[in-house]
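Each of the next two complexes has chain A plus one more chain, namely chain B in the first and chain C in the second.
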Partner chain A sequence: MASEHATVLVVAEHRGGKLSAATAEAIAAAQQLAAPWQAAVHAVLLEGAAESGLAAQLARYQLAGVLAARHPALAEYTPEAYTQALQEIVSRRQPRAVLFAHSYQTRDFAPRLATRMARALFGDLTALRVEDGRLTVSRPMFQGRLAADLVVPGEAPAFLSVQIGAFRADRAALAAAPAPIAAEMVAPAAPAAAPEAPFQEAKQAVDLTQAAIIVSAGRGIKEAKNLDLIRALADALGGEVAASRPICDSGWLPMDRQVGSSGQTVAPKLYLAVGISGAIQHLVGMKSSRAIVAINKDREAPIFEIADYGVVGDLFEVVPALIEAVKAAKAGG
Partner chain B sequence: MRILVCVKQVPAKDAPIKVAGDGAWIREDVAYETNEPDAYALEEALRQREAHGGEVVALTVGPARAAQVLREALAKGADRAIHVAGDDAHRLDSYAAAEAIARAIAGEKFDLIFTGLQSEDYGYGQTGVVLAELLGIAHATIIMQVQPAAGGVRVKRELENGYFQYLNLPLPAVLTIQSGINKLRYATLMGIKQAKSKPLATVALADLGVSPSLNRQSVAKLYVPVKTKKTELLEGPAKEVAAQLAARLKNDLRVI
Partner chain C sequence: MTTERPSLEAAVVIVGAGPAGLACGLRLAQLLDEHREREPRLPAKDSIFILEKGRETGAHLLSGAVLDPSALDRLLPGWRERAPIEAAVADDAAFFLTSRRALRFPITPPPLRNHGNYVVSLNRLGKWLGEQVEAAGLTIFTATAGARLLFGERHAVIGVRTDDKGVDRRGERKANFEPGYDLKTPLVVLAEGPRGSLTKQLLGRLGLAGPNPQLYALGVKEIWSVPAGRMPPGRVWHTMGWPVPRSMYGGGWIYGLAGHRVSLGLVTGLEYHDPGADPHVLFQRFKTHPFVRRILAGGEMIRYGAKTVPMGGYYSQPPAAGAGWMLIGDAAGLVNSQRLKGIHLAIHSGMLAAEAIFDSWRTGDPAAVARTYPERVAAGAIRRELWTVRNFHQGFERGLFAGLLNGAAQMLTGGRGWRDPMLARAGHLRMQKLQAAPRHDWSLQPDEQLTFSKITDVYHSGTRHEEDQPPHLIIHDTDICNTRCIVEYGNPCQHFCPAQVYEMLPAEDGTKRIHVNASNCVHCKTCDIQDPYEIITWVPPEGGGGPNYEGM
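After this line comes the complex of A and B, so read on.
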């Protein structure tokens, strides 16, 4: 089927004049997918009318080309203008697949684009496999407690977005000579209202990215006052206190203590997750930690999938005992 | 303002879920609850009505058991509810569910449609965006604040890495609501009592011409994730595992 569609498009994402880190991951996934199809990979760049140097950055990768679609209506991201522009490009180029990084921005417009083209967006993908000519993809379900395989229907194009961190940016093959850059004509309508500039709520008071040891609390701690237990453990270990989203949403800890896709991304020497089940939104923020220890009463909790050491047990018994054991070990016991 | 809130019934967060015999879904004998982001979407709709007037209608697409999330929504203060019901309604993908919602509300006029940003079962995070496309109206995702503004609404959208952004949308619009946008209320005894006399309409999924055959993505196989990391599990009395763990922290990881 569709062997004439020997093209794979990968949509670049950028903010503040820089490509997102996940764009290289999406390129790596596109290169991997294109190989068995012997398809040519083109990167698609959507940007405002001014030349920014982003196309040249994309051209460093091993690509058949960079399609630079420049239009004033694309100067700031809006779902409508992105949907219109990509619909034009996809209709013209007839790719076999269109790849994205599964970022907040992709989640904002790609389902709309896929629906407009009578397709689905297969999102949050951790693996892409071509078997017997059929494309099978994998993604988490039930907050990562289970995984699912889905077979992507054969009719091109397939819209695919890959989970942040699932494909390695350093696997994106670089080109010996820069890939050709071609202007791609698009005419999206100007958005009804331009979005305002992105801002941060407050300067982050705590830089968790610099912490060597992080003790992080999740929903399992049940009440705000039980955070004292987490603080005591962090003190004993000489680490910082962090938390998963529900804890910060409840106001039990300030937002700058939040680890995960909407908080900070950390990679300490030790990440000790207490009462954190390990929803995917949390895991993306800490899975690169050098060592991960999890304490959780649910043996099936996804956090154990990525832990080096796991304690299945009641945190209200384990943590006080661990505080004592750490103090004893420090004292040379 | 007239606000439609889409809520979904999903397995409870701490329910032990097991893959069913067909290998493509879970065993149904688990506890269910309202999808958490949808609970925040409902709360936001109630707050908007309390501040600015109007009507809040709760809608779910699901089998008979899903009526429970509507009864809870009515008890918390929704004015009426719509149950798009079908035995296999929980097997719809985002597109088919959005089709069902769009068809169920044809003939109604809502200023705003709220959904949670994603479900805790499939986790596609697409139903609201797809619904906006099917209805041909504006949308915004991962919303942390909603304020009426001239000709529409001004919303605060969450971006990655702690960034936010304000944008203005014309009405009608679909907003997908982020958990934590507000503080959830509990249903009062009075609310639970009043809910019994509020209208709860049931629409058969089949009468809308929607079934899982409309799905554009369907699960071929559901399984416990394959471990990529070797995990040493420590079990036993708290004191013993704490001592073992402290020894690993000191000798193997060298962090104490």
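After this line comes the complex of A and C, so read on.
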């Protein structure tokens, strides 16, 4: 049954009892989108029967409400159960838009959900706006070389998923008082396939998109053994190690550590590019990082054009000094 | 491990959905439609397979281009109203560049006169032709490469095997492995473009060539968006001279496209002596000439690409057909190197091939094509055109001025010139060793605004490949790279490749080793052509990979 006020839903993502970092980004996007429509934003949480505290975390944001859909079939993520549950909720609430963060999990179930409801999913969006009453979204094409503006057709709901890092999690407005949490009834069938324990690849599996601090190595480190220096800096900062393409190509680090157009796109709070020249293929993978620090002995290296802080120097001198400085700062308090 | 492969029967397999392959398919469809009622036993349209390694039709098509409309007028009357055309040629001129000046030829040399022709994007034209082909009821199998020819008795071609999908970089099967198909057919039409991989396999196995080896040039191109009025649509300019050294063959082009865009590029002959020669550097330098810089100022580079062109002409043509196979388009060397035009010849040859094939279906004698197709080519417009310029490119063996003199002599003698046929040596054999070679300055410091590094340019070619696949650039003996070539030629692959696929990188023991960045490859085939030791073989990567030449 449609309500008088427009509604925007944003689907929260969580794993291991914690909300994903990108959920806050999706909330920020939803709040921005809702403004011109004067719509009410509700966060949707899908979880198992047991209460977890996730709803309370969501309630801290400036929302009209949190819809907590709890059901045993939702205890573990499966695409079928999520699709069914969300289909019920969306049919019932009839929002103008449903927002997601464009994560791997979203890509697993959201297209199915949109198709079931005879809509398209507009994915990997970097911008949303309402112009002349029409919803216009932007998404990158050709590996970020072009941005395509698409007008979303008028029939509600629109299914939109926002690129990781395109919206700032810290722009998601918090509320003075917690939003009301309502139980949302859903009855998804038990999925045909029971999920096994989440697949953990041997300890190297890393989701760089979740890291807040990344120390990234490029060709400047010259030899595989010099990665120890990078690891030491990452440890001192409490961050993850990543690399540009040539490092992973040579097998010095596994492919899941590669940042760039043929690797991962990341947007951490702090990205340290060590010995990376800044070829455009790498830049598109990290340019949305909140703060970029570059260390390179070539002052003409293109990385310095997007770095917030740059050190022109030999990384074999700068990095050890940096490690000492970080340790001292942390010890000092 | 032997692989179970699905096998399909085809009436004909066309490898390559460029202008030649598409013209062949479309003409076949037209003929089938015309005659189907009277002759119901003709093959069904779904037994005609067109294979295209690009992700979509047109993705790997690149050219300047100025199109001679004669062939399309035959194939699709009324095409001018429907096909994507940038502009009719409005004015043309030729210039001789010195390092600072541009001297306009008072009279545009006749081969470079383009009145009546059209500035087109070959990518867009190809896409449009692809749509016509599909509307006519044929299917283009995109993201599908012809990986190998299948041979029967006495080297007859009996089919094509398509590429395996889902093989990892060590050659192991991945979860999404799909074996390629064996398409069994009495006739394979090779329309792969310059230096096609199956064409190379075929000619090598059968020991076939023309009187001259094929000669090639590498064209490096960018499309720019420029402020309005800088280069009106339909303006066609060609240049020679700077920055191409006098001993090398090459020249530039600047064409005005619609929508405030410019197509520009530089063609470099792949027969140079200096192993350090870098066609990409020459093109970047070309843009810094005041004449060109003025046009591009305040503009933005939109797309980059590179591709080789067969330049040998009439005497470099391999035999056009044999038992179970035919060559059309650039794969057959059908380019008028004097006018720098090959698209119309590709379309003509595709049509002639279709007509020969169709006749063979009616007479029930597919093998006859091996005789009738070359006869049609020899009797028609293609041969007439290529005959008059049969010695053109060979005339440049001694440099620019010798070439121009030879060219003039040939124009006065109907193509005969001083010597007919003028023989030529293969381009890669003319490369001289480091000690003996003339050395030019190939340094370039790109400013990333007007001039770009190869890496930035590759990014703008839209090139992508599945990363986890076997390298598609096969170097048969890397020891030669690391020990001999490094001393004798200085590893010219680092210089002639316009996509920085090849690099000599320091290894742990301090020596330099060849490193291949296969996924940068723009499929130009320069390395397969120009490597002096002939140890690089280009094979198609997993179908769908490669550049995305939108608008090129």
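What to note about this one:
The rule we apply is simple: the second predicted complex is superposed on the first by the 198 of 333 C-alpha atoms of A that agree within 3 Å, B and C clash if a C-alpha of one lies under 4 Å from a C-alpha of the other, contacts with A are read in each partner's own complex, and residues count from 1 in each chain.
One rule holds in what follows: a residue touches a chain if its C-beta (ideal position, glycine included) is under 8 Å from a C-beta of that chain, and two chains touch if they have at least 3 such contacts.
What you see is a predicted model; the values in this text were computed from it and never measured.
Set against each other, chain B and chain C differ in how many residues of chain A they touch, and the higher count belongs to B.
By the touch criterion defined above, A:S103 reaches chain B but does not reach chain C. Contacts of A:G310 after superposition on the shared chain: chain B is touched, whereas chain C is not. Look at A:D249: by the touch rule set out above, it reaches both chain B and chain C. With both structures placed on the common chain, the touch criterion links A:V44 to neither chain B nor chain C. Looking at the shared chain after the overlay, A:L74 reaches neither chain B nor chain C. Look at A:P302: by the touch rule set out above, it reaches both chain B and chain C. By the touch criterion stated above, A:E223 is placed in contact with chain C alone, chain B being left untouched.
Residues 142-143, 145, 249-250, 255, 261-262, 280, 302 of chain A contact both chain B in one complex and chain C in the other. Chain C makes touch with chain A in their complex at residues 448, 453, 455-456, 459-460, 462, 464, 467-468, 506, 508, 515, 517, 519, 548, 550.
By the touch criterion given at the top, residues 11, 13-14, 16-17, 19, 26, 93-95, 98, 120-126, 129-130, 132-134, 138-142, 157-170, 178-180, 216-235, 238-239, 241-243, 245-250, 253, 255-256 of chain B touch chain A in their complex. Within the complex formed with chain B, the chain A residues making contact are 79-80, 103-104, 107-109, 111-112, 115-116, 119-124, 136, 139-153, 192-193, 195-201, 204, 212-213, 219, 237, 245-246, 248-250, 255-256, 261-265, 269-270, 277, 280, 290-291, 293, 298, 300, 302, 304-314, 317-318, 320-322, 324-326, 328-330.
Of all residues in chain A, only 142-143, 145, 222-224, 249-250, 255, 261-262, 279-281, 302 touch chain C in the complex they form.
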